[in-house]
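Structures given as structure tokens follow.
In the two assemblies presented below, chain A is common to both, partnered first by chain B and then by chain C.
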Partner chain A sequence: MNRRYDVVVIGGGPAGLGAALAALDAGTESVLVVEREPEAGGILRQCIHSGFGLHHFKEELTGPEYAERFVQKAIDRDIDVVPNAYVTGLALDSDDTRLVRVLSERDGLSTIECSSVVLAMGCRERTRGAIRIPGSRPAGVLTAGLAQKMVNMMGYLPGRRIAILGSGDIGLIMARRLVLEGCDVVGVFEILPYSNGLTRNVVQCLDDYGIPLHLSTTVAEIHGRDRVEAITVAPVGADLQPDMSKAWRETCDTLLLSIGLIPENELSQSIGANLDLVTGGPIVSSSMETSLPGVFACGNVLHVHDLVDFVTEEALRAGRFAGQWARGVRRPPDTVSLVPGRNVRYSVPHTLSPDRPHTIYLRCKERMQPCVLRVGDLINKKLSFVVPAEMIRLKIRPSLLDNFYGDRLTIDIDPRD
Partner chain B sequence: MATETTSYTCISCPIGCPLQLEHEVDTIREVAGNNCDRGAKYARQEFTDPRRSFSTTIPIAGALHRRLPVRLSEPVPKDRILEAAQRIHLLSAEAPIRCGEVLLRDLLSIDGIDVVACRTMLPLE
Partner chain C sequence: MCAAVERRMYDVAIIGGGVVGCAIARELSRFALRTVLLEKDAEVGFGTSKTNSGIIHPGHHSSNETLKGRLVVPGNALFDQLHDELGFAFRRIGELTVARDKDEFGKLEEMKALGESKGVPGLEMWDRDKLNREEPNLSRSLVGALHAPSAGVINPYEFAFALIENAQANGLELRVDAPALDVDLRDDHLEVRTPQESVPARFVINCAGVFADRVANMVGLDDFAIHPRKGEEYLLDKRLRGVVRRLIFPVPTAVTKGILIIPTYDGTLMVGPTAEDTDDRYDVTTTREGAEKVFESVRKICPPIDERATIAEFAGLRAASTSGDFIIGPTSVRGFINVAGIQSPGLTASPAIARMVLDILRDEGLSLVENPDFDPTNEPPPRFEQQSVERREELASSDPGFGRMVCRCETVTEAEISFAIDRGARTLDGVKFRNRAGMGRCQGGFCTPRIMEMLAEKLDIPLHEVTKRGGGSWLVIPMESGGSNAEGDGPCSDE
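Entry: the complex of A and B
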């Protein structure tokens, strides 16, 4: 690790590695990737199921295989990756230099100078505190992602008889995974009337193994003093409150929470980047630049993606702009703001510039089928269906914005027959 | 002869189309509900010989982590998944292992189904 780099990337997952490679492609001389784990690769190292890479590599890979391709490219291109190192802060020097404070196992606390920074810290899981289940606080309550890491990397089983709260994809995938490891999975309990995960995962992870999915049902209480012994589950009404007259008890020693992911943004917040309240990630321009000049963001730290292929696509863009910035390229500010409208929960990036092609990522609020996606009067796209679990990706050609002189475009999703 | 309909959900891509397969006893007449050809193929396969692939892990000695992720080169018959997983769990490895290395050939004596390492694990220095 040197004292000075053109670009410093925080986080060595697919987003960070993709951004580092693209920054080099943009003509920078030196790129540093800071990773807090003992090796690069990010969360995909524990996602051992397949389904990754269909867009980017045109073949179906497991998570570790996808990650390894990027780790290998970083090695081939001589990118400095410091493992066991944590970025604790970021400051702007008077002469346009950015100072990154790194705490590393090998070198202790050091300050690295650079021209631009890419935030690629990924996301973390919502925990029990975020939804507050009543009852005691025994061992055996953990997030599905932590269980995934224990089973797939560390070689421990979280328990023998497992209940899962929330039907996110990670929970569904862990249900199958734990059955293959010889555990009993008593059921998946979802408070909403539909699954939060993809239908294919309900079919191939639950139905195939006879694991029940209880919709409109929640965990009302956790029992056990030292270790989970049972849970009380109850159906919920339209107000999402449990109806205790219909409650029942499920014996289990473990409760996995699969209740969603949130961008890891303590650092972004502490350095003063403006955050989007809906995504939980920074607000970015069409060059993936945050409200802090020369600080870019991509991947799950920006908004939670369901496909790593789109993380890579976004990272290549962020890395290219960060690299150009380091080489002195300064772009005029974007002139068009992009605003989520009817049935659109969020869209990223937050602004557009008329002179370039754009890729927009968005999520709907609720399932709609069939429907039409509108971007102002410029785009009118028929879609067979939209679901919140699946991100929508939309390309905008520069010619579309040629005759657009406004400063605001609203995205709507409306039903059609 | 009477035509019967069996319903499936296509798992070949995230859309998850509901499929209906019409058949007379063992003879497939028609597949409906699919958005693309993969769905029709899936329904036919599901009707005649349902198969699934899966990943699991085996213990590895001398590496950074204690488990090595492995996958199947081809899907196994659906009703033999648990048997296949149990057989794989008898395996163990030692670093170094290269991504793509075959750890067991012809799983459950089925030709061409191999157990393959999904990542490289170098020995600890």
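Entry: the complex of A and C
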């Protein structure tokens, strides 16, 4: 690790690695990737199932295979990927210099200078505390991602008889994984009337294995002194409160939580990056730059993705602009804000500029089919359906804004018959 | 392991390692005595001492007519010195008892007079203006408050750990996973039986918390019973930090002490506790009704506090005795001393209780000769996050363990986790309550595997024997060999 780099990337997951490669492609000379874990690859290292890369590589890879391709490229191209190193702080020193404080086993605490920074810290899972389940607090209540790490990387099972609260993708994938390992999965309980995971995961991970998915149902109480012994499950009304008159008990020794992911932005917040209250990630321009000049963001730290291919796509863009910044290129500020409207929960990036192609990522609030996606009066795109679990991706031609003179565009999703 | 140890008479055997048992152990370690503490759980402090409001009460809420009323003020006064010597988390942040109407304001005047008669320092009446200025987020309808600057907050589990560590350093023997199953009466001593051994002792001190009546039954005493009273507490998100800066108490009514707002030592707000009688001595469940009670009551005093900000919740059991007071003293069984019924404010009173027990032992004929090697201080290991940049640089370059971040939410390094295990942590909770690893936003989602590995390594046990908090709180099951298609080596393979 040197004292100075053109670009420092924080986090060595697919977002960080993609950004590092793109920064190099943009002509920078030195790029550092700081990774906390003993190896780069991010959360993909524990996702040993296949289904990654269909968009980017046009073939079906496992998580570690997908990650490995990027790690290998990074090594081939002399990017410094430093594992067992943790970024503890970040500061904007002058117009052209950012300081990154890195704590590592090898070098202790050091301060690295760079021109631009890419935030790629990924996300964490929501925990029991976030949803307030009454009852006892025994061992055996854990997030699905932690269970995935135990099974896939440590060679241990989290329990024998498993209930899963929440139907996020990790929970669905773990349901199948644990059945294959000989566990009983008593069911997946989802408080909303629809699944929070990709349809393909509901079919391939639950339906194919006969695991029941209970919609509009929640875990109302946890039982067990030392270890989980059972849970009380109840259907919920329109107010999402459990109807205890219809509650039943499920015997299990483990409760996995797959109730959502939260971008890890404590570092971003500590330097004053403005966050979007809905995504939990930074507000970014069309060049993936945060409210702090020369600080870019991509991947799950920006907004939670369901497909890693789109993480890569976003990372390549962020890395390219971070690389250009380091070489002294400054872009005129964006001129158009993009505002979520009817049935749109959020959209990223938050602003656009004319004369460049853009890719907009957005999520709907509720399921709708068939429907039409509108961007102001400029785009009218028919969609057969939208669901909150699946991110919508919209490519925009450079010429689109040629004849647009306003300063804001609203995105709406409306029903169509 | 212990059976091989020479069977020598102990001067004192303490049953129960809550703050009370630990405080007594530490007081006794000032003297040249052979003392043992028997704790049924995997670590000390895992009973009620871990699950309370963590308040060091000033003492003006109770009169001198009860023993518990008398021990609060002296207990409170001992905390400055204890804090200096032992280095646990403690800060005097002051307390406000707030009045909602004129009647209640009148009651505050009475409390002030009571407190002053007991020697509670610095009591002061605040009018509405002063209250609004000092705590602007409280309800505007409050008419005034009584300020008690000597109120403090503490991390109670740290207190228990610090006491036992110091006692051990001064010669106390600690046995964990060692429940007293029975106590036999002998001519000149008592024998405490645990699953591992029989412990002979001249004096046995019963500090078994909610189980103290059961332990008393072991020597044939049945003059009191414990009726646990459960209290639920709700911890709120860090973003509510600073909404109130002092402990906020409502004026107690005849039936209840009310729901408090507690800015904990670590800066998060906590609200609670409820008070519900329960027959189950293991019932530390939280309930929907409990949460409703807490938040309904708190909203009236501090409207910005909202149930949705909850990040964690827990419940503890007050060891309420049939007499309603502390039961401290010798019994009809020679050598058997009760320290029972230690409900609130037992945490505050614990140092004073320990001194009282010394006097009792002396009266009962135990000769107390000073331990010439007694060292009253602990050297707490450095918390990396709290050091200056220069000091952190130094630490990280001198010990690579400081360069490995394990818990990123609370910034706890591998070196700190090592220290915790060296100093007695045997479980995930034991590590967490010593240095907050796994207590932050992700609640151990990232760091649990590494902490489990470190416990397994240092305690020399297989990973699947690592527990959350001892007993049957297992965490993982090994996969059948061959049944696993685990990808590559585990994260620990680089050691």
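Definition applied: the second predicted complex is superposed on the first by the 416 of 417 C-alpha atoms of A that agree within 3 Å, B and C clash if a C-alpha of one lies under 4 Å from a C-alpha of the other, contacts with A are read in each partner's own complex, and residues count from 1 in each chain.
Criterion: contacts are C-beta pairs under 8 Å (C-beta built on N, C-alpha and C of every residue); 3 or more make two chains touch, one makes a residue touch a chain.
The shown structure was predicted, so the numbers you read here are calculated from the model rather than taken from an experiment.
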item	value
Partner chain(s) touched by A:T359 [first = chain B, second = chain C, both, neither]	neither
Contacts of A:P64 with chain B and chain C, given as first, second, both or neither	both
First (chain B), second (chain C), both or neither touched by A:S30	neither
When both partners are placed on the shared chain, which of chain B and chain C touches more of chain A	C
Partner chain(s) touched by A:S104 [first = chain B, second = chain C, both, neither]	second
First, second, both or neither for A:P38, with chain B first and chain C second	both
Touched partner set for A:N152, first chain B, second chain C, both or neither	both
Chain B versus chain C as contact partner of A:S50, first or second or both or neither	first
First (chain B), second (chain C), both or neither touched by A:T127	second
Common ground on chain A, meaning residues reached by chain C in one complex and by chain B in the other	38, 45, 48, 62, 64, 151-155, 181
Interfacial residue positions of chain B with respect to chain A in the complex	9-16, 35, 52-57, 59, 64-67, 69, 71, 78, 81-82, 85, 99, 118-120
Partner chain C, residues of chain A touching it in the complex	36-38, 45-46, 48, 62, 64, 84, 86, 88, 103-109, 124-125, 127-130, 132, 134-140, 142-143, 145-146, 149-160, 181-182, 221, 225-227, 262, 266
Chain C - residues contacting chain A, complex	235, 282, 284-288, 290-291, 307, 310-314, 389, 392-393, 396-397, 400, 402-405, 408-409, 411, 413, 441-446, 448-449, 463-464, 467-480, 483-488, 490-492, 494
Complex interface listing, chain A residues touching chain B	38-39, 45, 48-50, 62, 64-65, 67-68, 151-155, 176-177, 179-181, 198-200, 203-204, 208, 384-385, 390
